[in-house]
Amino acid sequence: MSDEQQILFAGFGGQGILSMGKFLTYAAMGVGKNVSWLPAYGAEMRGGTANCLVTIAEGEIFSPLTENPGAAIILNRPSLDRFESKIKPNGTLVMNTSLIDRPPVRQDLRIFQMPVNRIADEQGSSKLANMILLGACIQKMNIVALEQTLGLFELIFAGKKPGVIDKNRKAFLFGVEYAQNNW
Amino acid sequence: MRVVAQRPQSLTSARTHYCPGCTHGIIHRLVAECIDELGLREKAIGICPVGCAVLAYDYFNFDMLEAAHGRAPAIATGIKRILPDACVLTYQGDGDLASIGMAEIVHASARSEKITVIFVNNAVYGMTGGQMAPTTLLGQVTTTSPYGRKKEETGFPIRMAELLATNEGSAYISRVAVNTPANVIKAKKSIKKALQTQMNGLGFSMVEVLSTCPTNWGMAPLEALEWLEQNMIPYYPLGEFKVKEA
Amino acid sequence: MARGRVIFIEEECKGCELCIHFCPKDILGLDKSRINSSGYHPVTNLRPDNCTGCGICALMCPDLVIRVERE
Amino acid sequence: MDRVLMKGNEALAEGALIAGCVAFFGYPITPSSEIAEYMARKFPVLGGTFVQAESELAAINMVYGGAATGARVMTASSGPGISLKSEGISFIAEAELPCLIVNISRGGPGLGGIQPAQSDYWQATRGGGHGDFHTVVLAPSSVQEMMDFAIAGYDLADKYRTPVMIMAEGTLGQMMEPVSLRSKVTEFIEKPWAIGGCKGRLPNIVNTLHLSPEFLEYRNKVLTEKYELIKNREQKAETFMAEDADLVVVAFGLMSRIVKKAIMDVRNQGYKVGLIRPITLWPFPADEVSRAAEYARLFLSIEISMGQMIDDVRLAVKGRAPVEFYGRIGLIPSPEEIARQIVAVAQKEGL
Amino acid sequence: MDRVLMKGNEALAEGALIAGCVAFFGYPITPSSEIAEYMARKFPVLGGTFVQAESELAAINMVYGGAATGARVMTASSGPGISLKSEGISFIAEAELPCLIVNISRGGPGLGGIQPAQSDYWQATRGGGHGDFHTVVLAPSSVQEMMDFAIAGYDLADKYRTPVMIMAEGTLGQMMEPVSLRSKVTEFIEKPWAIGGCKGRLPNIVNTLHLSPEFLEYRNKVLTEKYELIKNREQKAETFMAEDADLVVVAFGLMSRIVKKAIMDVRNQGYKVGLIRPITLWPFPADEVSRAAEYARLFLSIEISMGQMIDDVRLAVKGRAPVEFYGRIGLIPSPEEIARQIVAVAQKEGL
Amino acid sequence: MRVVAQRPQSLTSARTHYCPGCTHGIIHRLVAECIDELGLREKAIGICPVGCAVLAYDYFNFDMLEAAHGRAPAIATGIKRILPDACVLTYQGDGDLASIGMAEIVHASARSEKITVIFVNNAVYGMTGGQMAPTTLLGQVTTTSPYGRKKEETGFPIRMAELLATNEGSAYISRVAVNTPANVIKAKKSIKKALQTQMNGLGFSMVEVLSTCPTNWGMAPLEALEWLEQNMIPYYPLGEFKVKEA
Amino acid sequence: MARGRVIFIEEECKGCELCIHFCPKDILGLDKSRINSSGYHPVTNLRPDNCTGCGICALMCPDLVIRVERE
Amino acid sequence: MSDEQQILFAGFGGQGILSMGKFLTYAAMGVGKNVSWLPAYGAEMRGGTANCLVTIAEGEIFSPLTENPGAAIILNRPSLDRFESKIKPNGTLVMNTSLIDRPPVRQDLRIFQMPVNRIADEQGSSKLANMILLGACIQKMNIVALEQTLGLFELIFAGKKPGVIDKNRKAFLFGVEYAQNNW
């Protein structure tokens, strides 16, 4: 249980928060870990906020939820205001500066920033902003190995058109690259 | 300069939770404008459905009650019978009114309850994530008709306006749409007429409003308006189906 | 000189483009350079002078973003 | 003749009128229909609203709307009809609207029969709807009480802003006894929360939707505190020869009267038996039963069911004495039968 | 990959299919809708019936009809929808028709919220309908169990000719975990009572009306005996570090897993705490709890409600130890919060 | 001598509990004769209502199910979907079908369920002692309209056949009466046609049968037949309202 | 000589008189001298010879009391 | 309680069983007694059997029902079969011989017989058979005094047309006379 990692994804509905979490969950399961994916559901629909919590562990997962996630990937201001204080001491905070107009308050955190919307717009793939950020995160946080993850794309997007998968991989890799250069 | 368009008094200043381009917002405004123009705000009692308009009690600026799913017409009956001078209106979606609430709406109409029903037909269950409605069109894909609605399994979409028009208790029944400026203007006229029918004690009144659900139709707001025009209006003809004169 | 004027409550705009599509003068557009706190590019008037104050944009706006004035 | 011979159902309806009930919304069902029929005769004359709803579902929602205006309104039904009302009752409880709901009960489950039963006890006191809520439940035992509890029920409903249920065996609704008419209730409390047009005030909203978990929890705490208050204040029971009893019978409604006659009989045979008769089924008179558990050596729950109230008796006795059960369904056992049962149990337990 | 990542709702639906479910009748409601949507996708491909009913009322009556043919059928809903089914459930229980009813539960009362809750416990275990009846109620705690209990539920339903309910917090329906798919159920018991045309036999009748009090009572006795049998045979609970516990927590569903994590934590702090997790909510594992009452000094019922299961814990403990309560609504408390509560209670009671 | 009239095989030998002259008995016989003549007895599954016909399971000599009040069409749906070859029929009164069961009947029709509904309209609640039904005529005295049904309070009687005919899912809808030998013969033809509609898979079929309730109308059986002729038929015209051909 | 014959299951008759009213030959009536165990005066054929066996009485009998035979 | 009297009325639906009981109840209440009237309801409708139990006492009435009524007024055979054995030892049995084709079994009872239907038919008032029998019973059984009862007619039939009341009184008195001559 000590090895258990819990990562929170939070932002607007429509920013692809839940699928970011799902992708990570699939990836972790793909490499043989125990996983759980816990969404905040329903009420948060309709332009409200969306968030999900991913738990990854070697052993049995008792609790798929927690007060204090080890890492938080935050895509908008309201979510930062709500969750910053909750992150584990010395945890990780990834923030989308396109929609967050204030610096973090916490001093103990590892912090990574990216103007996700702007970059995605520049890449002409606003819809894939979440994949870009995800790529960056996976590159930086050692949850699942990058190579393995890339190997799982076909599996995770099973049923989707190849074109779609490629677009996603491209966005993902762009994120990886961004992290290498900027984080 | 004079103001030609602004927020009606019968709406609060609350920002709605509706998706971008959802025409629930337009319909809310039309109802509020009619209430204002008829000077009924202080007599008005609105009943919201369970559906995307469930939060309408935060948006309409008069007494409101939040109903159990489909039961708004029964609740309206309970209120109107005790407060005959009030202006009692229900705002219901197609799942709320045409599915679970079928018995209540048919009987409110049969009893000729002096209430006004705003029936928002968007051919889908919006709030719960896009399931099939009794008004979903044949062939239309929803989360519970994933291969398109088939008549062999689900029969045919119900035309509520036509069905309720068979009741002698119905005093005013119409169908309008809010997909173009012209239709929006017509819709407003019809809603006003329905409210007047109630206040004149003529009987049950309902306006069926064809509306969009960009989110669950999986379309951009403008596409949705186009889809409504191309697909809904042909099956759900616009017009007045029952007009009882004073 | 404009016969009409439109004022937007940008924070309330959801960028649905209904007003844009129906404006007979075709003078409205989304301001891609800005994002409101709900994450939408708000609408803006690209050619204020051409506004006739016809009110159609407000008529079609689901979110009461637009206040229209006319001479 | 100051006393009038009335059917229990009619006395209840008249009691509601005396209490200022202005509207009845209901759907006919045996053995409750006389309540609706009485109102259908009276309201057109007195002024007031009688609506035969299309269903119990519609009826309870008409009550929801009517009660929201602050008026005293009611509905009446039986078993299956009460089940259909359960969603609505849950809404009314959360909206905190005062109203009167009557269950002239019959045997279940399913369509069952139309003969008397008390087998809706669980449904009435807990679980008759989704979520954490209760309704105050009163159980009359005579035609006079049918009238009096209707009046008292409305007062409790207004005082605590809660739906109040009157539950009586079908027989009690159908039988006739003389009743002394009560004088018309003329004083009512203010209901500033009621809807009726926002002239001169901000709009009122009646709502049970709470999307934010925090607020939902807050609302549940508010209700729970109210229920605690009612539990502390409104438990009501009648005792009969219980002071010195070795064996305490717990029974409610018309059943409790039969037990009284049986007790007179077994007392003559030398058994020290007494009765605690819950008048409020919710809140259950746990304190009274708990007191009795200090001295009684045995409890016997007698119900016209397969055993439901016995849970509450056991929860109150807390293992201090054995709690036995005797039950029938579809008929009210005679005093003779009850006497035999009491003696049998007493002997078995060596009293 | 033998393990598939699935939402709890989907796993439950898949489990039903594995068990041979041939028809789903339901009306959408959050957080249960994915079950209907899964069936809507699968049945047209697999062959089988998906009907989106006009209401929960219609749905449960379609189940009534479907189950009467002897086929394995189901419905799924949540709080308000279950209330609307309560009349039908009472009918199905009395008609003794096997079927699966799912409550992916949310907070009430009224419309409440769509966030997780366990506040339909009373409704599920008693009182969720008129008359004397019970449904077997299973409470899964993982996505895997969502699948497995659907399969087990059908077996219990057929074996005892009773409706079986699966009750899970909304969160459990919405979350994803890996599940190992089970192999298709291929053996089913005969159902000579089923209706389907009287070719070569006398007509079968499915009925719940019993106008004669004697027969109504007979039917109630038959049901009661069946329920006693189920109570004796089918109580099911999981225990976790309960053997030596001074403080025994009772919790079910997903909640029980959070408690486990909390227990690991407080055990490290030196508190001897254990868990009894009811798997069958009805019949409640009273024997297991009663056994624990022999040695445990304190019980703590933790529920996502204002306190409902605690009645059953108390009825089982019979006053041998204090029974405390901790509850939330609309959200599942975190392990950290539960650990704090356990410590607080333990210290308060001087453990 | 050959037998020209005798008990059909699809009826048991049980003596009915119906009041003297109640035409429920005639309707039972007609249904049974049609089932016999179409050779459907061994495929037939009947669903009785809650109403005076609640005990029909003792009278019809084939598989039967006793429904919850008003829900027969939903139950029939559940059965028919699983046993598509069965002949599924519901027998419902006006309280059962037109009041509490309104939603279920409208949706069974809209879904075009392949079932046959025998709708016995006697303008009153018989079983429960004569309360008003949605089909009670204006002015008619019942225990819940003791001063005669008034449109101001209760609106207007519902014409179910006409209402359901608006649904595209309805394949055969008719209204008949059993007050004269001629009408009884027509009624039987119509019931047979409805059953054939089902077996031919054309969709939803319903026969509304105008029937008497001497007891609650407070009339002798013969008067009741006369009253039906004079009062019911004028408001509830006989005939076929929907006939979908194969 | 009668062309038809009607046989009654008297115990089942409820004396509703429908058959009597509709018999074109007007040959049926209640037997006031007898009461069956349900307390009803049962129907009887007053002029058996005139029965044509048309079956109308059976057609209108709600209680299947009448069996009709014809040459 | 010792003075308590319980009288059972039983027969077909439609024989006016319930109103016989009601009449007696009204009468007893009219003379200041405590009373209760308990019908077997519902199921017994529709040509089935009907019965009601009347309890009359000076003191409070605990139980409106009993296994063993002191007197039974039985109008048809099924009811006799069902209730004869239940009557209190040495109790009273009144039977309608028009619809009862067997003698009573019990030897301990006070028995009164009347061919009620025939007599009523003879009187041309078949609808009032029950009033005839009731008159006879009240004449014979000392529950309420005859004169007082007669005085209560207007009250009991309040709202009914005078004609109706007279008819009923006539039938009632005929019954009284019959009892005097035949019982």
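Going in written order, the chains are labelled A, B, C, D, E, F, G and H, and every chain counts its residues from 1.
Definition applied: a residue touches a chain if its C-beta (ideal position, glycine included) is under 8 Å from a C-beta of that chain, and two chains touch if they have at least 3 such contacts.
Since the model is a prediction, treat every value here as computed from it, not as a measurement.
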Fill in: Each chain counted as touching chain C and chain F at once
B
Worksheet, complete the sentence: Co-neighbours of chain A and chain G resolve to none
Worksheet item: Based on CA centres, what chain would you say lies at the far end from chain D?
Response: C
Practice prompt. Provide the C-alpha centroid distance between chain F and chain H, rounded to the nearest whole angstrom.
Written response: 40
Worksheet entry | For chain A paired with chain H, centre-to-centre distance based on mean C-alpha positions, whole Å | 86
Worksheet item: Just curious, how far off is chain F from chain D if you go by their C-alpha centres, in Å?
Response: 38
Discussion item. Can you pull out the residues of chain H that are in contact with at least two other chains?
Written reply: 43, 47
Practice prompt. Please list all residues of chain D that touch 2 or more other chains.
Written response: 30, 51, 54-55, 57, 80, 87, 91, 110-111, 113-115, 208-209, 211-213
Discussion item. For chain F, give me the residues that contact two or more of the other chains.
Written reply: 18-20, 54, 66, 68, 99-100, 102-103, 106-107, 111, 129, 134, 154
Worksheet item: In their shared complex, at which residues does chain H touch chain G?
Response: 12, 14-15, 47, 76-77, 98-99, 117, 121
Worksheet item: Which of the residues in chain G come into contact with chain H in the complex?
Response: 14, 32, 35, 37-39
Response to the item:
In their shared complex, chain G is touched by residues of chain F numbered 1-7, 11, 15-16, 18-26, 29, 180-181, 184-185, 214, 220-222, 225
Worksheet item: Residues of chain D touching chain F in their complex?
Response: 27-30, 33, 36-37, 40-41, 44, 50-52, 54-56, 80, 110-111
Worksheet item: Of all residues in chain D, which touch chain H in the complex?
Response: 1, 3, 5, 30-31, 113-115, 170-171, 174-178, 254, 257-258, 260-261, 264, 332, 334-337
